[in-house]
Amino acid sequence: MRPSRRAPDELRPVTLERGVVKYAEGSCLVKFGDTHVLVTATLEERLPPWLKGQGRGWVTAEYGMLPRATLERTRREASAGKQSGRTVEIQRLIGRSLRTIVDLEALGERQITVDCDVIQADGGTRTASITGAWVALADCINWMKSRNMIKAKVLRDNVAAISCGIYQGKPVLDLDYAEDSEAETDANFVMTGDGRIIEVQGTAEREPFTQDEFLALIALAQKGIARLVDLQKLAVA
Amino acid sequence: MRPSRRAPDELRPVTLERGVVKYAEGSCLVKFGDTHVLVTATLEERLPPWLKGQGRGWVTAEYGMLPRATLERTRREASAGKQSGRTVEIQRLIGRSLRTIVDLEALGERQITVDCDVIQADGGTRTASITGAWVALADCINWMKSRNMIKAKVLRDNVAAISCGIYQGKPVLDLDYAEDSEAETDANFVMTGDGRIIEVQGTAEREPFTQDEFLALIALAQKGIARLVDLQKLAVA
Amino acid sequence: MRPSRRAPDELRPVTLERGVVKYAEGSCLVKFGDTHVLVTATLEERLPPWLKGQGRGWVTAEYGMLPRATLERTRREASAGKQSGRTVEIQRLIGRSLRTIVDLEALGERQITVDCDVIQADGGTRTASITGAWVALADCINWMKSRNMIKAKVLRDNVAAISCGIYQGKPVLDLDYAEDSEAETDANFVMTGDGRIIEVQGTAEREPFTQDEFLALIALAQKGIARLVDLQKLAVA
Amino acid sequence: MRPSRRAPDELRPVTLERGVVKYAEGSCLVKFGDTHVLVTATLEERLPPWLKGQGRGWVTAEYGMLPRATLERTRREASAGKQSGRTVEIQRLIGRSLRTIVDLEALGERQITVDCDVIQADGGTRTASITGAWVALADCINWMKSRNMIKAKVLRDNVAAISCGIYQGKPVLDLDYAEDSEAETDANFVMTGDGRIIEVQGTAEREPFTQDEFLALIALAQKGIARLVDLQKLAVA
Amino acid sequence: MRPSRRAPDELRPVTLERGVVKYAEGSCLVKFGDTHVLVTATLEERLPPWLKGQGRGWVTAEYGMLPRATLERTRREASAGKQSGRTVEIQRLIGRSLRTIVDLEALGERQITVDCDVIQADGGTRTASITGAWVALADCINWMKSRNMIKAKVLRDNVAAISCGIYQGKPVLDLDYAEDSEAETDANFVMTGDGRIIEVQGTAEREPFTQDEFLALIALAQKGIARLVDLQKLAVA
Amino acid sequence: MRPSRRAPDELRPVTLERGVVKYAEGSCLVKFGDTHVLVTATLEERLPPWLKGQGRGWVTAEYGMLPRATLERTRREASAGKQSGRTVEIQRLIGRSLRTIVDLEALGERQITVDCDVIQADGGTRTASITGAWVALADCINWMKSRNMIKAKVLRDNVAAISCGIYQGKPVLDLDYAEDSEAETDANFVMTGDGRIIEVQGTAEREPFTQDEFLALIALAQKGIARLVDLQKLAVA
């Protein structure tokens, strides 16, 4: 029995609320149960120096967590003077995931920065961030289209993410904090709308896992991500 | 005529929503019109080293702004590696303001950290922060009371803050960004529930101002802060 | 009775010694009693990037304190690796105060950097800094005039600053350290030669103060600043 | 045809040379073809503060790259003032991988720090680091055993790592730089001696990949890691 | 002919003014011509952690330069966020030089920190700093003696420093900036009152120098330092 | 008797192995006994901003030590976030020493960066670095010559370095760590192939030393450096 009484292949209640920050070209408040992430997409007519003049744009991401998003207060990274290794890992993952489904040539010589700020954290902040980021990004692209800034299709597909893990010996979908802290194995999957894999990160937290266990996790992930992609399509419809 | 069509002594619509972050001992989402600040109060059973063993507690504050809270994206301070001078000034002001109305002996050897994170910025983020911080702080104190952690009265009074300024030659209350960026003079007032002054910061943005002009600003502030204190009392009732 | 036996409206002995650093375009060693600040004004034919090509110049300030300017040694900020919040606040205040009375268009596309370094600190270092900075700035402007670098009038007025406070229940002018550390309320005023206010910063160190108390402090400040402006005029005559 | 003319499932020549730094409790110069990493294991009778008094030890890792390990010189991280996101990711991966096969209780309240410094980089520095780290760690444990510092078995298994990828449409094992920079998909696998998975990181560099493609990579990895584990056993025999 | 018209073995006018900062246990404003350094000695009843409980004290030094001590303004190190390599080198040299003549056991478990801040720089700031530091240190020791804090002799000898160089082919003593920037060779000598060498740093700025040239510099240095030691003795008499 | 049983004027076994890093334009693994330093020389067609357009190039150096090069592990500077004062001193010395014998005009508008990374440290890492750096630099220059990038002679002479010291009252050459940590006096000499001095750094670690003692050290250094220069010539022949 999962602490949340969910079925092994059951997501937490997911909501994707658009237009939550009035200045941003795209924004989305994504909730995976008690995990709440505020995502904004910012369009800027400038590029990092190493990308200039190559006829294509860039999508990058930054991630942060409000100090009291967590059970106990976490030190503010701005005050600590640097981003933790965990933060850097997560924001690199988000940026990489989004770029895989963006046609950077079609975007033109511009940069979109996606900011994912965790308001409340109950496990799965990186997967919620990626899932919400796609919505904010889609809105930003639509904002550009409505101003005739782009002609070709920029978004080639959806992208969403979910975690799976082995909890008390059983594969389960979308771990919350109570499960995550107890799980033997924890894996994050980023996939496209057509079910292909963009990123897999599987870690044995306690015991190494077998190939069969890993295949069970992939199967769960595909199911969950298909559902998230449906919700994304509904949200931007 | 003010850009927002408000009367000179009219506040923006103010709301104080409590209990918005489930882990925090106190929290408040404060809105002054389009300025939205998420405030949490965290209780910790530890003190900064220089305060230990003196029989009294501490209240401190941190302030941050999400990168796209502003019209144009602002660089993330965690990624820049340091807090700006403006951030440091504001968080020192918030902490100082709160401490003035807290009985630190009655609090006991504990620290309350108030985090003010700006979700959307349309002028007056520091005054909204202080006003909302009092609510989060009050809830944190109530949380302690309900657990018999404190006996004596900890909060001696309310504290709220508002900005005033001279806009197109006329004193006005609660400047939004459109006014703030054009005002000749800008002053922030922090006052107690009984109308006394905790902090005054007046700055001539363009032209120095006279003592009479300054008195007009104080009068406006007192009116506005009385209204904010009423709203605080309503919120925690 | 004040610890220094001064009358409530009496300044400490103030001296403004010019030309104390041979390389600087302007310099001033300002003393407010035992508070000694060395101020230099540096002219540079370059501007911060965000100001280039707008037909006007810039005046900025930096503030520092020698480690043993204080009763107990303070850690050197260069060795700590960053400027404290207090330092940042003070240098922003000095720069802002000077810019209010400088015609930046008349200055032309150049930057003047005013460095205020506290040799000995006995309260009021920021007000002494501003008062001395005007003298160093005036000398720097004269240096430019004598080389025909500027045509129009650059300095529109004097600027000086003083602190006031409520000490043992009574308003007093120009607090020294002994008073400052005991005062209930502490306020810094920056004013022009014609008595208008550039900046007011009033802080209740212990008890909030009333509007009437604050008016008494303004009155003291106006008296003190009028005297400081006379001394500035004498110094540069 | 691979640039190196290797068969799809062929490792580069691998050597594991022990005892290369005279002070270290364990050390190994590991070469995967032209990728050379110097690994040392340092035993210290102290623990990070958060681990003290819990009756178990810790294994951690740090990773670095000499500036001219790469085709073009990379900026020295010590001079840049911080470790890159990539460095942090890699050293966290190495530490995590090693800890999975170490019995931290049997180690006792001590810390082993594994330093992996890349002398020459031709792709696969993280997998070479992990593979060599196991050898240095094993020597460090043997050093302790020979001094009767530990009684129980500390190393529960071997651990080794290899990269696989899809290069010109075909799954290949142990990518060198020429392949890595062209590969459509790149995955790193960390496995135990008994073939279970400790960590999987698969990234679509260009095109998302299918589950079948991913399974082909796992199969290659298992073959490669079995060979690396044989070499480790030979090295420490 | 030297730019200053001094004889080859002639020092600049040297003054050593004591008691210039009222809070410091010892202080000295040292002038070597237009090079002016403010030195303070601070006594603290605490030690760096690695020195505690060994029955001896420590003497350390910090060095800084006011931004406009130089012909062109130098960036403030506190604002740059770190001390330059040159600063670190100089302050290590000053500390090492002073420790050589201090009986650290006789000092007891205390630390004296010597701060050398350059007010005006015209060459030779490190040698002036060391020479003035001895005076400030001697006054600090006398302050302790007068309070019966020490019994045995703490200062075993004088220490002073001077630069020499080869300027236009000729060895000269005590280079000012005009000479220093043109000299072929530049050497700094730190010696005791009895003429022994504590530190020699000779650098070929342009052409390597011969052993004979170096001997000529040592001879000049010995003459100059003997004179500086006489002035130190006079100053503290 | 020296701990290593060497004669007072006897170097440790010295080897200079070229071509040890395949990407670098020049490289050398230098060993002075158990002190091992890996040196690479990197040619880049760019210059620091302050040198551009002056018709000459630049040679600079960076120095680092692998964490376990030492008896006890030293904290990694990249992780500490800054280079130590010692590191900065050493890399400045190496760069300065090399520039003295390089014709920067003949080099053209290019920069050569010499990286010296200590693999194992047993005293004398800076002198080994300089000695090996000349070899790496010479190879880099030869690499350029073979591509017709330079016409005139770039290297005007050899440069090598050695330490000497007074150990148990006797002058000895090339101190290893056992001697260095016990020596009364420690001096580093950098000299050219023709026996002239580039840099002298002599430090009394315990007792100040006399001029005669210093002359004895110079004599030893000249003998040792002549031998090192012979080995350099052999290595590049």
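To keep things simple, chains are lettered A, B, C, D, E and F as they appear, and every chain counts its residues starting from 1.
Just so we're on the same page, a contact is a pair of C-beta atoms (placed from the backbone, for glycine too) under 8 Å apart; a residue touches a chain by one contact, two chains touch by 3 or more.
Model, not experiment: these values are computed from the prediction.
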item: Graph distance between subunit B and subunit F, where chains that touch are linked; value: 3
item: Contacts common to subunit A and subunit B (chain labels); value: none
item: Self-contact between copies subunit A and subunit D, residue sets same or different by half; value: same
item: Distance between chain centroids, defined by C-alpha means - subunit B, subunit D (Å); value: 51
item: Inter-centroid spacing, subunit D versus subunit C (mean Cα positions, whole Å); value: 59
item: CA centroid of subunit C to CA centroid of subunit E, Å; value: 33
item: Subunit C residues counted as touching two or more neighbouring chains; value: 82
item: Going round from subunit B, first to subunit C: chain order; value: B, C, E, F, D, A
item: Subunit C-facing residues of subunit E, complex; value: 21-24, 27, 34, 38, 40, 42, 44, 62, 64, 66-73, 76-83, 87, 113, 115, 117, 119-120
item: Contacting residues of subunit E [partner subunit F, same complex]; value: 82, 85, 88-89, 92, 96, 100, 187, 191-192, 194, 196-204, 206-211, 214-215, 218, 222
